Structures are given as C-alpha cells and as structure tokens.
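Quick heads-up: structures coming right below.
Look at the two complexes coming up: chain A is in both, with chain B in one and chain C in the other.
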Partner chain A sequence: MKKIMLFVAVCSLMLSLIGCGKQNEVANISLMMWDEAQSPVIQQSIDKFNEKNEGKIVASIELVPWDSYWTKLDASLETKESADVMWMNVYLPKYASAEVVKPLDEYIEKDKLDLSQYIEGRVNAYNLDGKQYALPKGLDTVFVAYNKEMFDRYDVEYPQEGWTWDDMRTIAGQLRDKISEAGGAEYPIVMELDDQPSWMNFVVQNGGNYISEDGKTTGMGMDESVEAIQNMVDLMNEELMAPYTVLSETKGTDLFISGQGGMVFIGSWKASVLENSTLGADGNIGLIQMPALNGSNSSVLGGLGYCLSASSKHPDEAWELIKYITSEESLYNEAVNGIDIPAHAKAQEGYVKNFKNLDAQVILDASVTGFPYQSNGNFEWTSYVNDAVQKALSQIAPVKETLVEGATQAQEVLDELYK
Partner chain B sequence: MKIKKFIKGTMLVHIMLIIFSFIMVGPFIWMFLTSIKTYEETIRIPLQILPKAIQWINYGIVYDKFPFLTLYFNTFFITLITIVGQLLVVSIAAYAFSRLIFPGKNVIFLMMLGLMMVPGQIFIIPRFQLMVQFNLTNTLTALILPNIFNVFGVFMMRQFFSSIPKELDEAAVIDGCGYFIIYWKILLPLTKPGLVSLGIMVMLNTWKELMWPIIVNRTMDKMTLSAGLAMLIGEHTTYYEQVMAGAVISVLPMIIIFAIFQKQFVAGIARAGLKG
Partner chain C sequence: MNKKRRNYSARKRKEAATGLLFIAPMMIGLIIFSAYAFFQNIHFSFSKVGTFGAPKFIGFDNYIRAFTDPNFFIALKNTLFYTVFGVSFVIIFSVLIANSLNKKVKGRTFYRVSIFIPAITMPAAIGILWRWLLNYKFGIINFILERIGLKPVAWLSEAATVKWAILLVLVWSMVSYYVIIMLAGMQAIDSSYYEAARVDGAGQLQLFFKVTIPLLTPIIFFSTIMSMIGILQIFDFIYLMIQRDTIAYQYSMSMVTYFYELAFVKDLRGYASAVSILLCIIIMIITVIQMYLQKYWVKYDN
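Entry: the complex of A and B
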C-alpha cells in the first residue's frame, strides 16, 4: 500500500514538472548542417545564441553527412519533421518551388535588416522572383596556386598578376621543357576536372554559358563553350597539363601538395589544406588570380546560406537564430577559425588573419570579380552536359560533336521542364 | 624423403594460406597504417606506406569528437534485438507458408517475393513517414522495427521448413501437438543451420546499416557506429586518418571478442551445419 502511495506521489510530481516546463515555453530549435569540420566553431555561435536567449530558446546542431544530407532533407521536409534552420546551396530553387522553405522578406522588413552588409552576389544567389529565401553564410572562390620551390628549381619565372591564358601556356611550356630536360616526372598544370574549380570558369570566361540567365537554355553547345573545353584538351595534348587518366584518378590538389604539379586550379575550400601542408609551411605556395581567358578572369563564386523550414513550429525563434549566425560577430568568429570565408563584408578581414603561409587576400579578391555558380536548381539535365564534358576531356570522342550532342539532350529535358 | 613430402604437402598449403591471409588482413593493416599518418601522408602521391612519425593523436581527436561508448552500445543493442526479433518473426512466417493451408497462400507469397525486386531506397521516405506517424523518430526503436521483417529470410526459411518431411508433423499431431508446439519443439530445432546463417546475415546487415539511422534519427546519442563515422566524410576534404582511426576504434572490440571466442564461433557454425 505504501508503495502504491509513493508511486502515485512520484507520478503526480512528474506530471506537475512537465506542466511547469510547458508554462515556460522554451522553444527548441535545430540547425541541420553537413560539415563536421565546421561544427565545433558553429557550436560556439550556437552557445552564445543560447546564452543570450536563456529561458526562451534552445538551439542545437543536427549533423548529417554530406552524402545523405539531401535525402534526409527531402524525407524530413515532406513529413514536416525537418530541422527549423538548414544549410542551403544551389539546390535552393527546387525547395523554394516546392514551398517547403519560407521566404524571409517579412522578417527582414520587420527587423529592418540591411542586406547590403553582405556580399551582393551571395545575397542574389538566394533571391528568386524577388523573394529572399536565405541569408548568406560564406562563399567559395576559385584561384590558382603555384609551387614556388618547383619554379625556382627549374628556373622559371613565377606567374605575374594580370596574366593571360597565353602567358600560362608559355610558363607551362617552359616548365615542361625544363622538367623533361632534368628527367623529372612532374606536371606543369594540374586541376580537378569538376565544374566549379575548372571548366565552368573557362566556359563563362570565353563567353559561353552552362545555363542561361533565365535558366531555360544551356549554352554548352555554343562555339565559345566548345572552344573553352578544346583549350583544356590542348593543354593535355601538349603535355602542359597532366593527362586525363591521371586527373580522373587522382585529385589535382593531392598531386600539387605531393609536389607533382607546378600550378593548380583550386577552390578556397582547400585553402586550409594548402596552409597546413609542408609545402605551405615552407613558404613555397604562391597564390594568384586565374589567368584571363578572352579578357576575363572572372571565376565561379559558390557558397552556403541558411534557410527557414516552412513547417517550423517556431519560425520566429528560428529567424532569430538565422539572424545571429549570419551576423558580423558569428561570421567573424568563423573567419578567424578559418572554416569559411564570410559573406559578411566586414567580417572578411578575420579570414586573412587566419593564414600565415598564404596570401589569403588573393582568395578574397577573387570574390569581387566572381560570378555565381550557374544553376537553375534542377539537376535532371545536368548529367547530360557533365558527362559530355568528361567524355570530351577524355578524348574518347571528338570535342565539338560530343558537347553539341550532350547539350541537345539536356535542352530536351529543359524544354520539357519549361513547356 | 620426409623433407620432400613436407615441402610437397604441408609447405605448399602453408604458403598458400600465408598469401591468402595477407590478402584478407591487408585492408585492416592499411586501415591501421592510415590511422597513424598525417593528413598529408594519407594523400601523398606516390603512395607512402609507412608514416614518418606515428600520429597517435588522431585517435585522441576522433575519440573527442564522438561518444563512442554510446554509439557502440546503440549498435550492439539494435543488432541483438533485430537478430532475435527477426529470427522469431521470420521463422513463424516461414512456417506458416510452408505448413499451413489457407486461401491465397501462394498469391500472398508471390506478392511478398515481388517486394524483393524493388530497390530498398524506395522505401526510405514511406518508412520515414510511418515512423513520424508512430512518433518514433529519433529513437532506437525506429532502427529496430522496420528491420524485424525480412522477405528474403522468409523465403530462405520456407525452403528449410519444406525440406523437412511432413511425416514428422503428422507423428506430432498424433501425439497431440498443436501448430505452435510442432513449430517450436519439432521443426525449429531441425532448422538450426538455417537460423544460424540467417542470424549472421542479419547481424552483418544491421551492423553496417548507414542510410536509415542518419535519416530517421537526429541526435548523436541515437546514432550507430557507421553513421557516426560517416559524419567524418566531408564534401570537399576528408581527413582519412581520422576516419580510419575511428574505424579502428569501432572494429577493435569486435576483433577482440572474436579472438577470445574464436573456438566457440567456429564450433557453433560447424555444429549447426552438421546437424542439418
């Protein structure tokens, strides 16, 4: 009997406790992201946010591996079980048109948030049909790194700012000849043959495009695009660049860090790898903007932003979190810890401080002339052109025919989409 | 003469065994070697086999990142429950399909086999929706429940049951056994080899399951080992030495358990096989 009484007492106590919790109404919100390497630094911002909103909001990180991120996002948005705030990139149009992420305009207006404090290109990247769907977090730029030690050893002059594609061919040619004279096995140029760090830059610089501004036509079959890809094939054929078989098997960055490449086309996401490498620690890595092709050295500008789930149960609190983690204070902290280049202009100076072995200003400067990663948020057509580019680069088929064929197939998919 | 015989027989066998054991152990050695390198050494071209200095610190870094004990417990727990649950459910279903007579039996069985031809990924979102409706997201139950039933297991066990002569059932009926007693006391002990091999298969599948835990669960304390390790794989840069250090930490207890109970493992499988 006593036991039962005790049980009832404990139960009622617990019930009352639950009741108390509800009265205080602490909003639990979560942030879904994929990069484990960034999570400790972002956790610092979250901790500060929770401190400021003690008793009102408790935010936490939900970490998902990159490979499963989009599958999980699809599943969780569909069932309205998603995190409140989430990382977003070029996939935004897909989620915006499904109306599973919320436009932020009313919040921006209410809090009179000044969007001009962010880098313009990154704000526009999340603006669709006049609606702002995300606040920018950081940005990625692409540039060229060169191995000073190798240039010195072979007595070739470093590339100079303002160089052109032809200059690059001359320098690479000198390297090639000196390397073969000395019986070396290094490659003058290496790159990763993905769109962002390599060919999308050249296509756009040369006057072609991956997808038109309105997102309805792909320009990968244009003569300008074909010529850009042909330029890369020429580099390989003249042994100025490592052959396709090597570059498709091994990452360009890995070759470069191992001292196998003279110059590498590389993205800012690899900057900390360069900084911490032996090559970098010995002061042997020089950075420079891309060579100008057809008068332009504009490079791809990528990056992430924070979206608000349309099914969030605490949208106001989630907005507060978005506002705080994209503030100068939070992004500056990310910058000095070297995890991202802030999309917040004032926070950017923190990024340069993080590097001792690299001239990080080059990385920042590349963002000024950069163009946003070309995408219409649909990925049904992209494999046709991406496969065609790889086929053309591997030279199993003629460049022009392959690209035109791939672009035609992609266009059929696009036409079907925008009928 | 003796030596010649030795060379011909035993030595040849031993050489073969040594070569094959190196092939089998190779990946594990590579995993360990990678785990004690620096990042630069892991990506160096040409390949660097031995590290310059041993980097035990990788283990510290990874251990601090994840609650390994919790992950270990979760993985062990769901594997155990899934095996027990699945063997029970699957064998009962298989018994029904093999022995009982009910209308539409073959049609139902065929429909079930049809499920095997559908790729598993298709079920992820509907399964997730079910878990949401049951209010089971972010629980260990969500990792166990969908795996309790296994079409292939039912098919396999049905074949085992069908290979046992029906006369045994008839004799049992004469002795006064009901359906359940026949299943439990007569047939189940005879299908042990099938249960053991199914159990091993279930164990492997549950242990390495990756996608589902990540999708249905949200916090680290409800994840499994493989899901935890997958967090280390980045979009652009993966620190292989950390991934491999994590992998060593996760397989080490298994290897130790196997080393201690090796005799029992082998004997158990062999005995089960003989009885069948």
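Entry: the complex of A and C
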C-alpha cells in the first residue's frame, strides 16, 4: 500500500514537472493601461492576438486607474517587475532617459515595419535623439466648434474653411454687437484655460514655442509667444471672448454646450461630449479647422503610444504584441468602437462612422498639419510658465513682463537639469 | 529592573501576550504604514529623490531651498490664514450653535440631526456642491446677489475672495462635528451650577459667559487643538474647488497642496518631504505652545 502511494506521489510530481516545462514554453506577457472604458475593446484585440499565437504567447491586460498609474509604473520599473508593454504619453522622455523603456529600432528594422503608415506627428512624438521608443496608438487633435443656432439667431455668417485669426475677430465682433443689441448674455468665443486646447496652439502658430525641440530651452519669453498671449488678452478686453473670471470657474466646453458661447477651441477628447449634448443632437454644432495665425493653422497633436519595458523577460513576444495592437486591424476596431482616433492612417475612416451629429472628418483632418504636444517629459519647470500665462491672461500683471519673468525662472530650472 | 521582571507571574505574562496579540493588527499596520513612512520621509527630506535610482544624500539643501522659495512662503502664509480664521470661526460657531441646541426648543432632535449632516457628507461632495453654489456665472449665490441689486462676485477667481470662499466651505463642513462635541460637553455640566447661579440672580448672558464657557474650556481646548491640526493640513477643498491651471490656485494654495504639487507633479520627492517635515514641526510647535498656555485659561472641574 505504501509503495503504491509513493508511486502515485512520484508520478504526480513528475506530471506537474512536465506541466511546468510546458508552461515555460508559453510566454506570459502583460499590457498595462489606465482606461477602463477602452479595455473591453482592447481585450478583443488581445484575444485575437492570443488566438494567433496559441501555444506561444499569452497576453493579458493589467488595468491600473489613472490616479495610480504613474506611481505604480515608476515603482514597478524601478524594481524591474513592470508589465512588458505599457501605455505612454508625454512623460516618455523621463523614462527614456532613465533607460527603463527599450528603443524599438532594432525590431522595426528586423521586421521592416513601415512607419509611414502612421500619422507623422505621432511617430515623431515618440522619437527622441533619433530613437523610436513607442508605436503610436491614437491621437488627439484640436479644432473649433461653433454654435450654428446662435449664428443663425444673430444672423451672422458661419466661419469658412481657410479662415484666419482676423476673420475670427471680425466674426466674433459681429456676434458681440448683435448679442449686445439683443441684450443677450452669451460670449462670442469661449475656451479652456489649459495649454493643449488653447494657448499652446497660438504660441506655436505665431512662431514661438513652449519648449525647444531639444527640450532644453523654453520659448515662452520670446516676442512671438508674448504676442500670441497678448492676442488672447485682446480678445477678452474687446469682449470678443468671455472674461477670465468666467473661464476660470466654468470650463469652456461646458459654456459652449450650454449655449453660452458662439465658438470654442476644443480637443477631440471632447468629441463625444459634443456629439451627445443637446446642442449636438439638434444638429447645431459645426466643426472647422483652427483659424490661421501668421499663415499657420497647425494645432496640437496629442495621443498615446505603446512602450516596451527594458526589463521585460520576453521582449520579442512583447514586440509582437505592440506590433499587433498598433496594426490597421486592431486600430480600425478601436475606431469603429469609438474609443480612440487611430494614429494609423488607413484605420481612421472607421472613426467617422461613430458620429451622427458631427462632421468628424474635420477632427481627422486636423491631424495632418498637427505638431506634437510640446514637452520634454519634465514637469518641474512647467508651472513657472503655466502660472505666468495664467497671470497674463487674468491681467493681474503686464503680459510681456510676466511671461519673460516666468520663462526666466523656468529656464533656470532647465539649465540646472541639463547642465 | 531584572528583578522586577522576574516577579511577573506566568499568568500575568500570558495576559500581556494576549493583549499584545490583540493590538498587533493595529500596531503592525501603524508601524508599516505610518512609522516606517514617517522615518523614510525624514530620510528623504535630506536627499535628492527622483523617480528612478536611489536617494542621494544632500544634507540641508532641501530645507535651505524651502526658506528661499517664495512659493513656500505663499503656501505658509495661506495656511496660517486658514488656520487662524478657520479655528476661530469653528470654535465660535460651534459653541453658539451647541448652546442654542442645548435649550429646550421644539423639534430639537430635528435640528440636531440636520446640523450633523455636513459631518457625514463626503468632502468631495461638499467641495463640488459649493463650487457650483459659488460659481461666478451659474452659481445660486450670485443669482441672489443680482436679484437684490448687487454686483456678482467672482468668489473663486479673485485674489480678494478666493481664500474666504474656501474658508467658508471649510468652516461650514467642520462646525457640525464640533457642535456635537460641544453639546456633549455642555450636557456634562452639572445643573446645580446653573441653579446656584440663577438663585444668585444671573441672567441668560451671565449664565452663558460665567458658567457654560468656563466649564466648557477643557472641551474648547481639545477642539482648538484638533481643529487646528486638521486645518493646518487643508488640502481637499482647495484641490476640489480650484482648477490647477488658473490664477486662483496661485492665490489659495496651502502647504499640503504645495507638497502635493512638488511630490506628484514636479517629481521633487526630496524637497516635498522637507516641506512636509516643516509642516510637522510647525504643528508640533503650535501644539506645545497651546499645551503650555492652557493653564492660564482652561479650568478643569474638580
């Protein structure tokens, strides 16, 4: 009896060892992301990927909410226990310089992956010092939305494609006069106060910059940048735009969809808000590209990408996953499900079909001329210029003086960082 | 010492072990999440700490930086503003409200329940609610002001008003809890004092100032210390009511909001630790002063 027991025990032990051996052949890789709303759709792509690589790779999603995403990512990269693949945004330079994420160039070369199939601005956003650190997933664009009902009511012509900053001022002026004649309380223009949907666009269009391409100098003290911010202050002073106190307490988007604003500079991440608003459902929202300032209507291009952890135990398999989830097939699926605007040009048409009330083609077209969100991945210096911009916009201090002072302080921090 | 230890009987030792076992879950949690974190924080405050790599010892640099950083002093000044006015208003209003609830009025239970509602409401809900009440364009407070012919006020954007607006919400949310404490204190006052005072011909006001307040001083003292420590650490309402990228944030930031920004936005963990240690020292100093001063005004009933 004892011998039989021993035999059984040995057999089961050996079986489990064989089991282990088999498991070792399958590479378990994980993808870390923060957006719960996107995860069911991305899971579909993961399922397909696992099906294709059955017996070789098993990929899974590790969902970490935004609030703790970066803390968790930092800690897990530091201890070399991070997920193999992760979502990345403008924070990339911080991870690239710490060498905790792996450049993808050797893989791109090996597989002869054609990067031109992606929107150029999004590829460039993840290219640092000639190394490609991520493949782009989706993108965010900035454009203008206008309230057709308000334009009709006050009998002002809609903005026309190809319009300029001056055209915008003229239109806003007509609106302002008609509004005050009628005793209305609406504002011709409203906007958000943070950089991406508003002032960063105009600073760059006007020839200034937020941070130089090498990430070492901020251009917010340049005359071009100062002029761009002054332009916005002028809009407020001439009552073409809602005053600062209104904009600082109520978001531009909320003012617009509640019918308080004629035009708003707005980002694609708010597209579904526009689509689902009463204003949108009544077919009263028109979309148009940014007005051209100084001959350029280029706008900020944001978005996410997929990075590969430098400490991944299965980098080859992780690369396969990155390649698959940024392929036309996967991104098209994301587009038709409306979770993101694909950074893959051919996959984009799926996105337009999501919108019944908006001309979503405008949102896509903005990406062609877009420039990547300007950042060097460090946020120690940014508050100096951001706070200066807010001081300038709220007019508690002269525009030029404030911006130059803020830029000087920011530059001191930058110099310290890169000395 | 050794001799004494030997004197413990086996039963006593067993009892102590059981006791330790029962407090173990609490203590272990406290040691890991508070004590360890506290000492690591001290360590960090003397180091340069980025996201990756080990902390690098830099001596007092972080503390020197704090004393040359204008933003640190803005945060400190704002925090003291919130504390001085916040503690005073909380104590004054909670005593007054508790005193009126201590009388035999009709529907007393209803008032007591309603006054306690803010204490059991989530700070997030309070912050968001007041942000809309105070909104410049859509807020009900400005609506009322306009109705009675006054100009609307940009409560949450103007330098002159934003700190008062936050103070208002802070006091509103804190008073209810201290009303309950004051009420308990008042009910513990022996009624014979009041009877004796009345026999001597004391009026309502005299009863309040000569009997209630002196006998309530231990409770007032306790409430002052607790509310002060709470307000010195003010963070949630500022975070909830003021958007980061607006001018109002620069007017209203407190020590803890500044700490949060340093640690989690700017990635300056070492400097942030130093700021938090300085806040801790400030709290300790003020509390010690209060403890010392209490003998001059706190009257214990014995």
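Here is the rule we use: the second predicted complex is superposed on the first by the 396 of 419 C-alpha atoms of A that agree within 3 Å, B and C clash if a C-alpha of one lies under 4 Å from a C-alpha of the other, contacts with A are read in each partner's own complex, and residues count from 1 in each chain.
We take it that a residue touches a chain if its C-beta (ideal position, glycine included) is under 8 Å from a C-beta of that chain, and two chains touch if they have at least 3 such contacts.
Note that this is a predicted model, so its numbers are computed, not measured.
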| item | value |
| --- | --- |
| Joint occupancy of chain A by chain B and chain C, clash or fit | clash |
| Which of chain B and chain C A:180 touches, first, second, both or neither | neither |
| Partner chain(s) touched by A:379 [first = chain B, second = chain C, both, neither] | second |
| Dominant toucher of chain A (residue count), chain B or chain C | B |
| Touching partner for A:267 - first (chain B), second (chain C), both, neither | first |
| First, second, both or neither for A:34, with chain B first and chain C second | first |
| Touching partner for A:394 - first (chain B), second (chain C), both, neither | second |
| Partner chain in contact with A:78 - chain B first, chain C second, else both or neither | both |
| Touched partner set for A:257, first chain B, second chain C, both or neither | first |
| Which of chain B and chain C A:62 touches, first, second, both or neither | first |
| Contacts of A:244 with chain B and chain C, given as first, second, both or neither | second |
| Superposition clash, chain B against chain C - the stretch among 9-17, 99-107, 225-233 or 243-251 that is involved | 9-17 |
| Common interface residues of chain A - those touching chain B in one complex and chain C in the other | 71, 74, 78, 250, 255, 260 |
| Touching residues on chain B, where the partner in the complex is chain A | 39-40, 43-46, 65, 124-125, 128-129, 132, 137, 210-211, 214-215, 218-220, 227, 230-237, 239 |
| Chain B-facing residues of chain A, complex | 30, 34-37, 60, 62-68, 71-72, 74-76, 78-81, 83, 250-251, 253-255, 257-258, 260, 267, 269-270, 273, 276-278 |
| Partner chain A, residues of chain C touching it in the complex | 51-53, 131, 135-138, 154, 156-159, 243, 245-248, 250, 261, 264-268 |
| Chain C contact footprint on chain A (complex, rising order) | 71, 74, 77-78, 94, 98, 100, 193-195, 244-246, 248-250, 255, 260, 378-380, 383, 386-387, 390-391, 393-394, 396 |
